[in-house]
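What follows is chain A paired twice: with chain B in the first complex and chain C in the second.
The block that comes next holds the complex of A and B.
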């Protein structure tokens, strides 16, 4: 039961993009088209779940026993960068068709702060391994919900008459603000410890 | 000398990392509800960006292409760890206020972007100037955002009451939506003052 509530909370009430502002560089640059928004969303969810599953044991079995917690940033970033690199090679080798659609998004993910952010939050909030993985999965889905809805709105926006200096990133931020108001409404639904 | 000034000013205004290139948004949105946080983050990023630019401009040619990004990330992570330890030692309350976002400087795309596109191919001096300009531009954006948000959201600046007792704080300004709305409006203002040509 608690896993379900963590999952729901991570998707809606504690949405990583709209509540914690993580992963906004790709959210702005990749939300112009719905298809690339989907690709990015899937890639982020995948990498986020894998890296949290690796980072948890790295932190608790490698860093903590030796008192090396201050090296967490460096350790996590190595895990993330190498996971992305390995994943890219695996997909390129075994799923060439998937690589052509998703491959371009993978290198971008190394610098997606949402990935590192989820690992850091997981440590900060003292999750167990399983809770951490569920939280990462939920955050990935929540991030995808945010980018896909943003892309859908932006595709419609092409037909509206937006003032010139506000076009592009400016109006995207205003839309995100309104979406964030909407997501605030979920906060009463379910909490996160 | 002129080139130095141009490089610096480009980072500060015409190519401002936040308002123009839409980079480093996570930090910009997340920690700008108080001016003190904005200033701290601005200084921290300034240090990390200039230091890692300098290092990368020295080692840029020797790093094989395929492992560039991981190597650059390691350089950045090292300096961020220094900042994190420094803040914990001397500015504990600020360190707690910024929380996980100090660590997220590592994945701040401004830094990796400058390293990748500029420092790895330019001389150490130019890299330093470029980094200083971009970092100042970032700090400028952070401070502009946090002044608006703290003033409207708390009625204070640096924690000092400015708006008078009758002021009703706009709570939404310090919550998530306010960050997006203020950033959207500031982008509008910046682009209205110096329009974007190609878009």
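The block that comes next holds the complex of A and C.
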């Protein structure tokens, strides 16, 4: 039950993109087309889950015993960077069709703050390994929900009369802001510890 | 110990990740050898998988045009992929037209070779080869233009269409850069290549070529270019400016040698009499052949000069009739070419029937 509520909370009430405003770079730049938004969403979810699963033991079994918690930023960044590298190789090798849809986005994710943010939240909130993974999975799905809905709205924008100075990133920021308001409505639904 | 532990732990994390990466690279990023079949068996080669199709071509000495060097931004390196190669990548889509996408045309710098492939490229690129040659003779044909004849060594012969060019590999600090020069010799000459090169102050290629001595070795790739005689009955209007005579010399000599009976005009603009080259040869040729008309023109009059004077476009107006079935072949400095293109379209030649070489 605890896992389900964390999952739901991570997707809706504590949406990493619309509540914490993390990972906005790709959110704005990759939401032009629905198909690339899907690819980006899947890639972020995958990387988020895997890196949290690796970062948890690194933190608890390597950094904590030696009192080196302050090294977590550097350690996590290295872990994320190399995980993305390996993941890209594996996907390119064994799932060529998946590589063409989402693999090309993987290098963009290495420097995505949402990925690092989720690992840091996991440590901050003192999650167990399993809870951490569920939380990361939920956050990834939440981020995907945000970018996919944003992309769907943007595709419809073609038919709207957007004032010239606002076209492109400008109107996207406004829409994402309004979406963030909408997601505030979920906050009473389920909390996060 | 207190200072050492962060270093040790961090090194441990980074070190083990490095090992993982090395192992992963070995396990996943190395592919087996695959076979690439080009133009239905005309050429076949084996490469180690994982490289791009363009790299595979280059490794096997098939040179297709690629202006951006494989970044997927020029769209020149297209190849039809009939078998293997996977689906079209998002990086290729913007560069390909609808028709190309339907026709399985891909950008070879983006397609990775991971399985046996069957591809189709334009026939002419298979004829592109890397030649090593020896300088047979050099002579000054004008104060600034040198005629250089290369004797081909490996491979020993070349097939090209009059008007095409080669890319000479100019050595620079242990590396080479390519410089394009039109072939001036006739199509029927297969064992030699003749270039005419104008010395340009500070120019890499022209300085290198002008300093060559007999017997020195040179490497070049080719032949390249869409600038060659089309198979039609239309009257040929050749327009050359300065050193731009080289491809037109090849075109005129090759056609007349074949005994073609269509009308051929050659308008040749030059600054002074001293800058005209192959002048006597062309005059002789014009005397021998009724269908070849040679009209040289100087920028300004000179005492001994009896021919035309003035801008080449003005001179041409006296000789051409509007509405005739004509094709333009131009090579020269850009302002001259622009003016000539304007004139020829005014005289009723479709823009697609005006071919020109632009090396500026």
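In this text, the second predicted complex is superposed on the first by the 193 of 193 C-alpha atoms of A that agree within 3 Å, B and C clash if a C-alpha of one lies under 4 Å from a C-alpha of the other, contacts with A are read in each partner's own complex, and residues count from 1 in each chain.
Everything that follows uses one rule, which is that a contact is a pair of C-beta atoms (placed from the backbone, for glycine too) under 8 Å apart; a residue touches a chain by one contact, two chains touch by 3 or more.
Being a predicted model, the structure only gives us computed values, none of them experimental.
Enquirer: Determine, under the contact definition given at the top, whether A:142 touches first (chain B), second (chain C), both, or neither.
Expert: A:142 contacts neither chain B nor chain C.
Enquirer: Please work out whether A:78 is in contact with chain B alone, chain C alone, both, or neither, and reply first, second, both or neither.
Expert: Once the two structures are laid over each other on A, A:78 reaches both partners.
Enquirer: Going by the contact rule stated at the top, is it chain B or chain C that touches a larger number of residues on chain A?
Expert: With both complexes superposed on chain A, more residues of chain A are touched by B.
Enquirer: For A:171 in the superposed arrangement: first (chain B), second (chain C), both or neither?
Expert: A:171 contacts chain B only, not chain C.
Enquirer: Touch test for A:132: chain B only (first), chain C only (second), both, or neither?
Expert: After superposing on A, A:132 lies clear of both chain B and chain C.
Enquirer: Figure out whether A:41 sits in contact with chain B (first) or chain C (second), or with both, or with neither.
Expert: Neither partner.
Enquirer: If I apply the document's touch criterion, which positions on chain A are contacted by chain B in one structure and by chain C in the other?
Expert: On chain A, the residues that contact chain B in one structure and chain C in the other are 71, 74, 78, 82, 85.
Enquirer: With touch defined as at the start, can you tell me which chain A residues reach chain C in the complex?
Expert: Residue list for chain A touching chain C: 36, 58, 62-63, 66-68, 71, 74-75, 78-79, 82, 85-86, 89-90, 92-94, 96-97, 100, 104.
Enquirer: Quick one: which bits of chain B touch chain A in the complex? Just the residue numbers, please.
Expert: It is residues 22-27, 29-30, 69-70, 73-74, 77-78, 80-81, 84-85, 99-100, 103-104, 106-109, 112, 172, 175-181, 183-185, 187-192, 195-196, 199 of chain B that touch chain A.
Enquirer: Tell me, which parts of chain C touch chain A in their complex?
Expert: 5-6, 9-10, 12-14, 17-18, 20-21, 24-25, 28-29, 86-91, 114
Enquirer: Over in the complex, which chain A residues touch chain B? Could you list them?
Expert: Going through chain A, the ones touching chain B are 18-25, 27-29, 70-74, 77-78, 81-82, 85, 107, 110-117, 120-121, 124, 163-174, 176-178, 180-181, 183-184.
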